[in-house]
């Protein structure tokens, strides 16, 4: 349907979006790259000149780097594990015939719409508070000593909070994938003598694999950037400093822009590696 | 009036030439069918005439006027799409009235013409429904209604029946033919189904890979296919095409004989063979017969019920008057 | 196709699903309930669940003390403004990519997606610095523009997938019927695209409303939206459960309601059409 005139009109209509995103991507990116090569501390003498790759070396060799990597991996991995395993189970459950399916769906999806600062605060104070939190009440009811969640098991607590926010997302996507499973395929498998467990592992799970991959990739990108939950609960204390949070602290709290920018460059590279896999899947889907 | 002339029209997408330069004249009031296997360029050709694609070269004239650069809306043509392309958010009435509204006709005139079209197409009771509430056949009629209210110079149909089930297709085929007889407007109809082409057309244009293989009336194509492609494409069941020594006996590279032009006898005949699968349609019976010296089994058509069984030996004799001969290039030998 | 399911089986499913659903929803329910309690009841041991003196007092206190309306207003302006601005820029872009695709369309779409993947923290300082230089730190317009930019890829993608579903033949039919570009947009495309545009607006409003990196780092007083307002409850007010709950309920209630309407679009919007 494309004629010459419609093609040039299309180019003009696309221009603003492309231009804005190009500027939005390139300008800050170049600035970050520039700062990462300089010793720049706005509060202590400003720009102290070009230092080559020193910031990159110092960011990696600082004593907080490896713990931050470890924390990041734990949190991202933990949340992914929880949301995929429970997401599959929940999606399977919601796919069963029942009364009030719509209402249950709404209940399950709700946490996704709660703003991160609210969910972090509500969990921190009303559930995990060692004196008055709901968990403390439950522990005491069983005669146990309440756990001081955010100090004693800070990473587990954060995984719990963040999983609560992301489980709905995983469930919803996996449920959508479940529903697109051709029931004739399952019936064919049944005729071929597959029991329910075999049907799950040989038919349903392979069908879900694409959706699971997508959930993993998208969540990884968002989870690597988790910020508000840590900002509000521990402020990075008790070993909950992730890479993102470490960079934030370097840049805005200690105003060591050069060092923080080098960290930022690492973060960008890391996110792009994940994004590359995601885009490959999405791109394949576009062709169909 | 609707005389459409294509003069050396060609179309290329990038480096790929889908339609090499092509000449064709469609007379006013003619029902022309473009037929060919999928990917032969028939839809592209129709879209070039409609103006939905730019030509890469050549000229399209409508009633003698150069229309090559005229936008689709100004060509005075109406089109019925394969998917019907009804506007889902408008009622049937508004769908049919849309081209009139675009043309700026006043309300009363719009209403009058929509009513008239609805009556012709038996849609009067459905005018206030949305397309989503209609059956396939009804949607098809709305699409036709939207085309006829404009009183176009010609109608373009792009495989309009391919989304209907078999029974409905036969019915709509008759309705469209009937409509053509009544309106006497030029119609160009694209299909891959040679039965539609044979039953509806005044003139059939057989296309392959963007080339016109043959133009003619259904019976001309049936009686004298110009080459083996047309011979094999037109007619059902397909013409038997035989190569090798049997063809050489008739001084040809390939000979063609239609299933209905073969006589079956139990004794004495040109070719001896063994009966394979048979298909009984009641009025006709088709036998697939494997003959010595002929690679492919031959299809033979016998009227009524004939008692031949799997494995029986029979003799076949082609009717010499209806024997088609083709040379090494596949062209008909006169 | 479907076989009869025994009533027991269905009842069992229902019981399990409702229990799980209730557990997942409980923190929200608990927050809403607590917001109607007095502070004493809120920390009572054992907790009171339903039988307490329902009061609206907390809402009044939160309003008074923190000028809640200003934060709410900021949230509305930032989320609404960025969404509308994004739609204005994205509709023409998505329209042309869906209906006049070229060889580069796919690459452009994927590239747009890749900008969404850029970690915010990686460009935190440049943006922060630019805001200072331009004098727009703690400025609503700056946030409108930034949130528009971070969500623009999602908006373009969602609109693209919706437009893609409108068959091209319909637009061609309109062209054959004599519609010019203007009529085509006005009478055919827009009415058919409105449901898609509406869901795109909805989802992006929610995403912008809940955005909590830029809103926390680039605002302090004037432009601070509800995310920042809640973060300010971190301590010590956070220990006043009833007031924290009231503030939280006010911040999430409007979006919960909108969110329930947009469940379906959520999948499409956040997976870039990769899961259907």
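Order of writing sets the chain letters: A, B and C. Residues in each chain are counted from 1.
What we mean here is this: a contact is a pair of C-beta atoms (placed from the backbone, for glycine too) under 8 Å apart; a residue touches a chain by one contact, two chains touch by 3 or more.
Computed from a prediction, not measured in an experiment: that's the story for all the values here.
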{"item": "Core chain by centroid distance, with centroids computed from Cα atoms only", "value": "C"}
{"item": "Farthest chain (mean CA position) relative to subunit A", "value": "B"}
{"item": "Between subunit B and subunit C, centroid-to-centroid distance (C-alpha), Å", "value": "53"}
{"item": "Geometric centre distance via CA averages, subunit C-subunit A, whole Å", "value": "16"}
{"item": "For subunit A paired with subunit B, centre-to-centre distance based on mean C-alpha positions, whole Å", "value": "57"}
{"item": "Touching two or more other chains - residue numbers and ranges from subunit B", "value": "52"}
{"item": "Subunit C, residues touching no fewer than two other chains", "value": "172"}
{"item": "For subunit A, residues that touch 2 or more chains besides their own", "value": "1"}
{"item": "Interfacial residue positions of subunit C with respect to subunit A in the complex", "value": "1, 5, 9-10, 13-14, 16-18, 20-22, 24-25, 27-28, 30-31, 34, 42-43, 45-47, 89-90, 92-93, 95-97, 99-102, 106, 108-115, 117-130, 149, 152-153, 156, 168, 171-172, 181, 206, 209-210, 212-213, 216-217, 226-228, 230-231, 233-234, 238-239, 241, 244-245, 248, 251-252, 255-256, 258-260, 263, 266-267, 270-276"}
{"item": "For the subunit B and subunit C complex, residues of the former touching the latter", "value": "50, 52, 71-74, 77-79, 81-83, 85-89, 98-99, 102-103, 146, 150"}
{"item": "For the subunit A and subunit C complex, residues of the former touching the latter", "value": "1-2, 6-7, 9-11, 13-14, 16-18, 20-21, 24-25, 27-29, 31-32, 35, 90, 93-94, 96-101, 103-119, 121-127, 129, 131-132, 134, 137, 140-141, 164, 167-169, 172-173, 176-177, 180, 183, 210-211, 214, 218, 221, 224-225, 227-228, 231-232, 244, 247-248, 251-252, 257, 260-261, 264-265, 267-268, 270-272, 274-275, 278-279, 281-283, 285-287"}
{"item": "Sites on subunit C touched by subunit B in the complex", "value": "167, 169-170, 172-180, 183, 187-188, 191-192"}
